[in-house]
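Structure in structure tokens, see below.
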Amino acid sequence: MREKCLDLSVELAGVRLKNPVVVASGTFGFGREYGQFFDLSELGGICCKGLTLHPREGNPPPRIAETPLGMLNSVGLQNPGVDAFIRDELPFLRQHDVAVIANISGNTPEEYGVMCEKLSEAGVDMIEANISCPNVKAGGLAYGTRPELAAEVTREAKQHAAVPVMVKLSPNVTDITEIARAAADGGADALSLINTLRGMRIDVNTRRPILKMNTGGLSGPAVLPVAVRMVWEVANAVKLPLLGMGGVSTGEDAAQLLLAGASAVAVGTALFADPCAPLKVRDGLAEIAARQGLSAVRELTGGIRPW
Amino acid sequence: MPIQQICTVASMTQLDAATWWMVLEAGKLVEQHGLTGGQFIHIKCGDDQLLRRPISVAIAGWDEPEDLATLIFEVRGEGTRWLSQRKEGDKLDVLGPLGNGFDVSREGHYLLVGGGIGVPPLMEYGESLSWPRTAVLGFRTKDKAFPAVVSRFEEHCEKTYLCTDDGTLGRHGFVDGQVRETLAQDKSFTQVLACGPKPMLKSVAAVAAEFGVPCQVSMEERMACGVGACLGCAIRMKDGSMKHVCKDGPVFNAEEVDWDA
Amino acid sequence: MREKCLDLSVELAGVRLKNPVVVASGTFGFGREYGQFFDLSELGGICCKGLTLHPREGNPPPRIAETPLGMLNSVGLQNPGVDAFIRDELPFLRQHDVAVIANISGNTPEEYGVMCEKLSEAGVDMIEANISCPNVKAGGLAYGTRPELAAEVTREAKQHAAVPVMVKLSPNVTDITEIARAAADGGADALSLINTLRGMRIDVNTRRPILKMNTGGLSGPAVLPVAVRMVWEVANAVKLPLLGMGGVSTGEDAAQLLLAGASAVAVGTALFADPCAPLKVRDGLAEIAARQGLSAVRELTGGIRPW
Amino acid sequence: MPIQQICTVASMTQLDAATWWMVLEAGKLVEQHGLTGGQFIHIKCGDDQLLRRPISVAIAGWDEPEDLATLIFEVRGEGTRWLSQRKEGDKLDVLGPLGNGFDVSREGHYLLVGGGIGVPPLMEYGESLSWPRTAVLGFRTKDKAFPAVVSRFEEHCEKTYLCTDDGTLGRHGFVDGQVRETLAQDKSFTQVLACGPKPMLKSVAAVAAEFGVPCQVSMEERMACGVGACLGCAIRMKDGSMKHVCKDGPVFNAEEVDWDA
């Protein structure tokens, strides 16, 4: 009864999500695999695996290492390219009642622009411009760590996009609000954060890093407190809607990010422990909102009472 | 199509200091989803381990009751240690069936080649194939040569050759020597099915290629999702492309694999 | 037998530690409390609770929040001041056969200098200049995030210190090697890293941050992969000896930091789970070194074989 | 001097939906280190929880065998949930004895004031004090008023007053009303010993001050080390200084505490 009255829907830069739980880019492919475990229409949105203008094979294996309640990955943007996505994957995604968010990485600002044009035309709901992927040596890292580049990429993306552009921030910076402001100045419609923290694990017997790339991106529960802090900082620094992520695996984790200022959350690594994690996060969030007597989950957003 | 299922541990048997024989009541996984030997399941090993652990199925659906699945695993770290401490009646959260098994759809004469903990994933092929087969099983030393596993090959295969690295049991040396001899003596083999450490697979593949016998190999790579979504478990193919152990494998055509990657 | 042949001693900026396990500043007070659980002479060294020129009461409570395999603290440099330390605590520490490393934080470069002078005279073995404490609003953070300030503080400390000066780096930066190089240029004898990552946790029922300071410093197993990565980066960037820390709770964790380039490791948060953690880390490390057939644990340092 | 010790769970009794009575074989902790009620021990609650959990001792060393220690705790989160799932014979890794208990070294007339889960830490003072004492025990509601605990006060104290916030048992209202009445009626009280939520302690301290009766309060704060090393569990004193619940407390002189911090 009570749940019936609870409105789960949220809005992210003008795009309506039927609930605030999105799946994080790179952890969900293009939806086919986890679509075997639950109906994709149950999700608020899907951030697709990061796309590049041309197909990429990604980094050499091993690409995965486990760490204390976290994991490192160095997948490195393996993807079939934006054209193949539009041809082979988007029609499948479009069969479901779910917001499709294309995640893109470019080597140059122009590449972001070209991809935005193609994807807008093909009909995605939103574009997430990844300026933070720490795995690609050229470009990737620099955009996310230098305000002027972040602004430039954002401007270029916005100029060519007919759908909202969300800029994805890296946590590997001294001051994330600086980059957030730059993206806002560049015209971003929303921001998403956090991408992975850079980390390393060494096999003490072979003395080799477990990842062939030596270092990789840390995600999972271990990073949750960093994500909460950064979402809060960014929420205080810019007026844009935020998609919060980093270590979310329960409704309570998600509620923390919403309270800190996010309009919606993304679930990534938690999927690997439990394919139905996003649905459990959604239900947990609904329970918390109901217990607090809210009529809409979106009332949590920014509800933090800092000391 | 893979599902998530809670399975009950039907029995646990310790094979040697580090190796366990676990039987699961796998229910629908076997009965409706056709879990077979050579495929794997992805197991949640307690709350301390964020990622699941992939373990191959040795044999499934052939014992009574028909929903049993046998896993044989070695304790290598925290996850497999946790798994080894399970007791009869405990519940396991697993994803499966995952990946392909060996392709044995065509009539032929099969040579099964296993090394160490790579022997069990061949068990179902040793027992249940309707075509003639021979097994070459390699172990580090006699104490690591699981008699309970080996005897099942010996019972069902035309011949079962044993090799140990240190000569304490069977032929002294790696399996590839025996494989070469066997393929040289008997030209009727139509397929080699191999599972074991990568260096072994590489040399078995080379020997098979030498004799022009198609060879299937079961590969390992570190996994996150286990279902093809994260692209974590990539291995490089000869043509430069990436394939994924969890979705495109774990069994690959040996000729396609880039053995020098 | 085997262990008898194993040399556990290491050198850190000319100071000999009888084994490579030190306890981390702020987690071990001035040794009295954990000295009830084991003989302090079992340790390689003790980094004392951070000192300031004048006594400080620290931050208001709550100061502690638990996170997934990590914790946040906002203790904020509560300490009796450098003079009281020298008078009341140092004599007790000196009763033990253990290197005493004084950890200092100043509001100005001059304060670092004054403290270095006092502590050198009083006879500590080494000074760890904390330029990274994220809890003190004035000064603290800025020194650790701006190369020119880091260099200035280091120079001032060195000028007034008669014992080796180790500079402690913050992980909350875009490029830790930049700060490391600045400290090296300033004359640092060694570097220690990592201090805590800034994080936050929110009580979703009260909507209040658990910490009264809203945010705090993240430590514990969760941060280990970040620590390993940063130690490796810094080891590649400067020629100074490194004291590695961040999430160490086993011999294997310590071995990772040594292989990445550290000469010794510090154990902090792990103490709270197990007061004898440093001794277990030491024994675990010895076991790994013995298993690898080494004659000295120090052979692990920098032994990583990157791809 | 505190030690680290592995204790065996002697028994577990559920008091209500969320509350457990756990008896530990505390061995040396009691016999050599003098663990007493009102002190606390710091318990490792499984591998998932990085930090230990502080739990007060209700009574120790008074039952047979003499090394038993009783803890009464409420499930509030993951750590206490883990604790509630322990069974007789399970082992617990604890640090103790930690902190001070109430100071009852001087002859006098004691008023014990407990609220909710703050009642048990007064149990030993209710039973074993050699001086006369009266108890005022407050609970949210009748169902949360642990009869097994209350009865031990009723058995040993001169009088035991019960209060509930909702009036379902005893006096309707908070304990401070009853405390005021009791202190007003009987001027012979020389000490108030109080344990419970901070707002309760604050108002009890105010009432005691009104009547000029010294008051000791047992405080809570989030802890890391539990032994005084990390300075995590600070509370502010009236004079602006910080004291630490684990080392200087948990029992403080109510007059010294800054109640408005």
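By letter and in written order, the chains are A, B, C and D; residue numbering begins at 1 in each of them.
The definition used in the following text is that a contact is a pair of C-beta atoms (placed from the backbone, for glycine too) under 8 Å apart; a residue touches a chain by one contact, two chains touch by 3 or more.
Please read these numbers as outputs of a predicted model, since none were measured by experiment.
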When you check each chain against chain B and chain D, which touch both of them?
-> none
Quick one: which chains contact chain A and chain B both?
-> none
Which integer distance in Å separates the CA centroid of chain A from that of chain C?
-> 34
The distance between the C-alpha centres of chain A and chain D, rounded to whole Å, is 47
Please report how many Å separate the Cα centroid of chain C from that of chain D, as a whole number.
-> 36
Residue numbers of chain A (touch at least two other chains) | 65, 69-70, 221
Drawing the touching chains as a network, do you get a line, a ring, a star, a complete graph or other?
-> ring
State which pairs of chains touch, listing all of them.
-> A-B, A-C, B-D, C-D
Going by the contact rule at the top, pick out the chain A residues touching chain C in the complex.
-> 65, 67-70, 72, 145, 172-175, 197-202, 204-209, 212-215, 218, 221-226, 228-229, 232, 247, 252, 255-256, 259-260, 288, 292, 303-307
Residue ranges of chain D in contact with chain B within the complex = 47-48
Parts of chain B lying in touch with chain A, wherever the complex brings them together | 1-4, 44, 49-52, 93, 95, 221-236, 240-242, 247, 261
In their shared complex, at which residues does chain C touch chain D?
-> 26-29, 32-34, 36-37, 49, 57-58, 60-66, 69-71, 73, 75, 78, 210, 220-221, 269, 271-276
